[in-house]
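Heads up, the next two complexes both have chain A, just with different partners, chain B and then chain C.
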Partner chain A sequence: MPTVIVNNKPVEIGASERLNCIQAAERAGVEIPHYCYHHDLSVVASCRMCLVEMGDKKPDGTIAMQPKLFPGCQTPVKDGTVIVSDSKKVKDAQKATLEYLLLNHPLDCPVCDQAGECGLQDYSYEYGRGYSRLQEPKNIKPDKDYIGDQITLFTDRCIMCTRCVRFTREISGTAELQVVSRGTHEEIDIFPGDPCNNKLAGNVVDLCPVGALCSKDFLYEQRVWWLKSKNSVCPGCSTGCSINVDQNNDVLYRLKPRENPQAQGAFMCDEGRFGWKYIHADNRLTLPEQRANGQTVSKDWDVILPAVRNALKEAALRAPNKFAAVISPWATVEEAYLLATYARKLSPTAKLAIGPVRTVGEDDLYPKDVHGKPVTPTKFTIHAEKCPNRRGVEAVLKQIQGSVIEFSSVLNQVSKGEIEALYVLGGDPEGWIADADVMKLDKLKLLVVQDLLASAASAKAQFVLPGGAWAEKDGTFVNYKGLAQAIHRGLRGPGEARPDGRILMELSEKPGMFQAPALRKEIAKAVPALAALSVGDLGELGVPLETAAAKSELQPA
Partner chain B sequence: MPINSKDVEWVEEPPMNFWEATFLPAVIDGLRATGHHVTHFTPVTQMYPEEAAVLPRHYRGVHRLNRDDAGRVKCVACMMCATACPARCIDIVAQEAPKDDPKWADRDKLPNSFVIDELKCIYCGMCEEACPVDAIELTHIYDLTGMSRQEMLFDKEKLLSVFDQTKDSGLDPIRTHKGRLGPASDFQQLPTLGPATTVVGDDRSAKAASPGVIE
Partner chain C sequence: MAEFQPVLLARIGKPDSQLLETYRRDGGYEGFKKALGVAPVDVITLVKDSGLRGRGGAGFPTGLKWTFLPKDHPGPIYLAINADESEPATFNNRILMEEDPHQVLEGIAISCYAIKSKTAYIYLRYEYGRSYRALQKAVDECYAAGIFGKNIFGSGFELDVVLHRGAAAYICGEETGLIESLEGKRAWPRIKPPFPAIEGLFRKPTIVNNIETMACVKNILDKGGEWFKSLGIPPDPSNPRDAGSYGPKLYCISGHVNKPGCVELPMGITARQLIDEHGGGVWKGRTAKAVVPGGISMGFMSASELDTPLDFNGPGKVGCLGLGTAAITVIDDQTSMVDVLFNCARFFSHESCGQCTPCREGTAWMHKILARIRMGEGQLRDLDLLNEVAGSMGIIPGTTICGLSDGAAWPIKNAIKKFRPEFEEYITTGKKTVKPAEALMAAH
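Up next is the complex of A and B:
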């Protein structure tokens, strides 16, 4: 095995691995500071922050050091490479580099949104000198708020790492951003009249190591040190991007991609990034409601839960074959399992259907060429299937029912009068029924709707149960390629909305509280296709369902 | 954290000598102090509220939000005061400075609303210390009364009016930067930064003849 020596510490790397000094040092637990380097982008070695001393260990044991410092991001390592990142020479270079990077930086940290998660702040504290010897006035460039619909540029804060430029050229392929002028007059800018509005544009804000590129959506909303972050999964499409949910005082402020090579990589699309606003929408269901003959009977959970339970029992006894439950592909695996087993316990012949699986257009592949055609290799995919958990819900339904019933066939049966009682577990912010079909629900004797947003359909229901949005509950989503990832409760829902898992636990009178890890173990035993969930805690990166059982159960999407 | 017994040093009281054991020196000392107060009578009681209280220069009373030379609120809504506040009585909502208004051309960010709950506040002065632009200061106003909790929530206009009220009172002069914005918000004239930390004597690059050249 090739061995690299980092700060006198030998580290073994894989024989076929192609690592640079930064990556090799990371294996040794040594941080080499860097701005322009990003593992998904090409290497330009322009920021000079990762300068290290390099050397070579000869077979006879002698070490020959190079006289000059080398950029760690651009220098590959091989067997016997010696990296020194803690010598005085390197530290002096880091101080000098930071002093140069800060020459024209306005140091307006108090008004800068990046303060608190800023590369300049962190490295200045860790590696910098703490003072500048610049005697001249700073070169202040005008701000550009026209970079994109969601992006604004504080030109003077930029350190010209060109990560954003390389992202638009290499990952999105749209190449809107560029460097204009030369030398100290270098600026990031767009081509006139061609703003950076591609569907991955929001990522340049995350990539920016300083506060130059800021998100207009998040601008001045919160200081980042107040945000509390929880690991979650973006529900926008079946890609299932790993994300962080950043909230404060139960208000969601932003979603940020969380790096996960098993899921999507390091980025996320703008549809997901800005598509969470319905969580705080005015038409969120905040109170449970029981209605009889169009009149509200109660708005109290303690009254309504037993009433729902009784009504479902009665309906299942009266007509066991006319009882159906619809589980949205926005529900977690746990909720699907709870509702499916509960419905089958009430009536062994209950029909279990998956809610409408919304697809919009076709899979959107990046990077694109100048004509908007995708280029291989694909680096990011926005899937057409706009729901997070079709595979998870289908796996549960297939196990419990043997097959998956489409929502449209349930709707047909409802209009024919073949279904009298319907329990709908929603969650899709776009609703679960077309406006034209709402009239068909009039034939139902019992309609229980557990959903996020008030709709024409929920207005018809005898029972309305306000559920939790995906950021408000614990659970599991299975993405398009069968990766099970955990979502976590980041914030509390509005009013008396409750996480759906809790509602279903209480309805089905299952002993104990809703705990996703414990429930996952139970599901793993009951559903062989989801046997991989037996670990309980899925960790940060999730667990692929690629066991033999899972492969036979689930066709690849 | 319990105190480690090896960190504790026990000190014995020195034994009294014969003269001290009679307690007469202590009695005489006490009588002398009493006599001094009789002969050199200076009243220390302040007849508040009949007479206005005399406060020390560093007294910490009601907050004010300072204005800059142009009369704008100095605050840049960085929320350092709200972060530093141990009582969590400061609530700030920031907004972007109006782009098309020349009055705000040199500013990026300003407070949309700035509310201090004067009832929650413990008047510790941490906000004043945290402020990078010297926008928030504590004044000598101590007799703060109100008929409801609501009116003790001081908003931006109220805090600015406290500034207008107190800036010429003599007790609360505009202390720093002569009414200019602090360095963090003054984009037109960014001053050369002095060393934030002391320069280490053996810092080779600090001694270098030209910047960035390391011998």
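Up next is the complex of A and C:
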């Protein structure tokens, strides 16, 4: 195996791996500071923060060092490469580069959104000097809030790493951002009238290592050290981007992509990034409700849960063939399993349907050329299927029922009177039934709606159970290519809303608390297509459902 | 020593020297025909053996550069001619392009044949309007006469020469900056490797050569490599990296002399000879305090160093970065080095492309410090700060992508080292000798 020596520590790399110094040093647990380098973007080697000393270890064991410094991001390593990042020469270079970067930086950390997660702060602490030797006035560059609908540019904080420029050229392909002017006066800007509004624009804020590009949505909302972060999965489409949910005191402030090469890579789209506002919407269901003849009977979980249980049992006894449950593709695998097994326990002939699978347009592929046509290789896809877990729900339904019933056919049967009792597990913020179809629900004898938002359909239900949004619960989503990823409870739901898994556990009188890892193990045994869930803990990157059986199950029709 | 007869400048000043007709009457394009009669590799060997080193500033052996091209490449291979002559006080290429464009074009044609290139781009700095018109006219004449185009002189060799006008930036003279600019992009120099000979213009193998180098190639074909090697100075045995300084060289003389101009001499003349014998001496009866050997990025030679031979090896011995463009700028004893250095720093601050952090911020910072010193608000410790900034900007190669940073830092270090007492006196006595030079320079 090729061996690289980083600060006197040997580290092995793969025989066919092509690593640069930064990556090789990371293997050895050594951080080489860098700004402009990003593994998904082209290498420009312009920030000069990652300068290291390099040499070669000869077969006879002697080490020959090169007299100059090399940018670590640009220089590949091979067997016998020696990297030194802690010598005086390197430290002097790091110190000098940081001093240059901070020379014209406004040092307005107290009012800067990036403070607390800033590359300049972190590296200054680690590698910099504590004071500036510049006596002259700093360059002052104008702020540019016109740079995009969702992004704003504090030009004077910019360190010209050009990550944002390269992102719009290489990943989105839209190329709105560019460098204007020259030398110390250069700035990031847009061509007049062509703001950076592509569907991936929000990523430039994450890519910006300093506080120059900021999200207008998050601007001045929170200090980042107040935020608590949980790993989750974006529910916006079937891509299933790995994300972080950042909240404070049960208020969600922002979503950030979490790097996952198995899922989407390092980025996420703006639809997902800013599409979570319904979590704090005014029409969230906050209390359970039992209604009879249009009148509220109770708003107490302790009363309502037994009442729902009884009503379902009665309905299943009365007409076992006219009993149906609808499970939204926004539900987790665990919830789908709990409801499906519960419904089949009540009535072995219960019909199990998947809620409406919303698709909008075509899959949106990036990068694009100047005419908006996608170019290969594809680096990011926004899927047309706007739900996070169709595959997971379908896998459960296929196992328990043998097939998947579409919601439209359930609705048909409802209007024909072939279904009398309906349990709907929602979760899609866009709702699960068109307004024109709501009238059809009048024929039902029993309607239980477990959902997020109040709607015309929930107003018709005998029982309304306020469930949790995806950020408020634990569970599993299976994305378009069969990657099972864990979502985690980042915040508590409003009022008395409860995570859906817990509601279903209590309803079905399943013993114990809702524990996603334990349930996954149970599901793995019961549903062979989901056997990969047997690990219980899916880790940060998720687990592909890669068995042959699972693959055939999960192939799109 | 017998009077040297100019070769490169032989036709300068003759009537209608720009015309193809007069050029051919003087034996023009015979060398090209001669080249077409031998194998391209023989032309490369001829140029390599002549000891010709690039005239653009770095002095890299031209023939050796040509051999770096990949063998048996299917093409296209490009020749890019660097006519972005933007080093201050340098105008030797300009004289060649304005007065004898065909000499340059013949050199280009020969070089293209040698490296099997079918397309040559001449990257001309925007400011050279007269050169542009002269070159374009000459190119048109060549196409009309069948010297460029398809099946030249029945040899089957084809060649297109394209004249491209830049948009006035110093960094476009850096070979990869030039290539980026030719491709229509911002002239940010590329990371090397890959070097242009492997992957250059439009990601194809590319040779970048200087205008004067092309004129030399033409004359080597005419007069032979032996003639070229008979001029100049052989390698310095004490410097194993010196490849010798052969051939005639165009020296520009400017600054505080009585007779500024461009002269052709065998390599190795001293600065003192240039000033006294060819520049008419220092003006107003004064003496020279310092001389810039070739573009301000090379640093300064002090009055005691004027007998240094101006070959590729000489200026380096007295602490200069190198010969550069061999365009000496004479600074007389009445000029403040603070002012000189301020102008240097201002130039580099203005021209830094802004890609690499040390150069982008360092050049501007040094400019600010020198402006403050010049206004009489300097402190002695500023000199050490300047030294430190210059030191961290890139004297060790590798601190930045291209050489601009080294070039910007060198004169600072060099001037403070050689003229420190003058800077200290200026700072401590508060002597304000700020001249309205700033207003004069504002045009740049």
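By our rule, the second predicted complex is superposed on the first by the 554 of 557 C-alpha atoms of A that agree within 3 Å, B and C clash if a C-alpha of one lies under 4 Å from a C-alpha of the other, contacts with A are read in each partner's own complex, and residues count from 1 in each chain.
Criterion: contacts are C-beta pairs under 8 Å (C-beta built on N, C-alpha and C of every residue); 3 or more make two chains touch, one makes a residue touch a chain.
Since this is a predicted model, take the numbers as computed values, not measurements.
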item: Which superposed partner A:43 touches (first chain B, second chain C, both, neither); value: second
item: Chain B versus chain C as contact partner of A:51, first or second or both or neither; value: second
item: Touched partner set for A:464, first chain B, second chain C, both or neither; value: neither
item: First (chain B), second (chain C), both or neither touched by A:519; value: neither
item: Touched partner set for A:96, first chain B, second chain C, both or neither; value: both
item: Chain B versus chain C as contact partner of A:133, first or second or both or neither; value: both
item: Doubly contacted residues of chain A, that is, touched by chain B and again by chain C; value: 92-93, 96, 100, 133-135
item: Chain C-touching residues of chain A, taken from the complex the two chains share; value: 43-49, 51, 67-71, 74, 92-93, 96-97, 100-101, 103-104, 133-136, 139, 159-160, 179, 181-186
item: Residues of chain C defined as touching chain A within the complex; value: 169, 186, 188, 191, 349-358, 360-365, 368-369, 371-372, 385, 392, 396-401
item: Residues of chain B that touch chain A when the two form their complex; value: 76-80, 83, 94-96, 99, 108-109, 132-133, 183-185, 187, 189-190, 192-197, 199, 203-206, 211-212, 214
item: Residue numbers on chain A that touch chain B, as the complex places them; value: 88-89, 92-93, 95-96, 99-100, 106-111, 115, 129-135, 137-138, 140, 143, 145, 154, 219-221, 223, 225-226
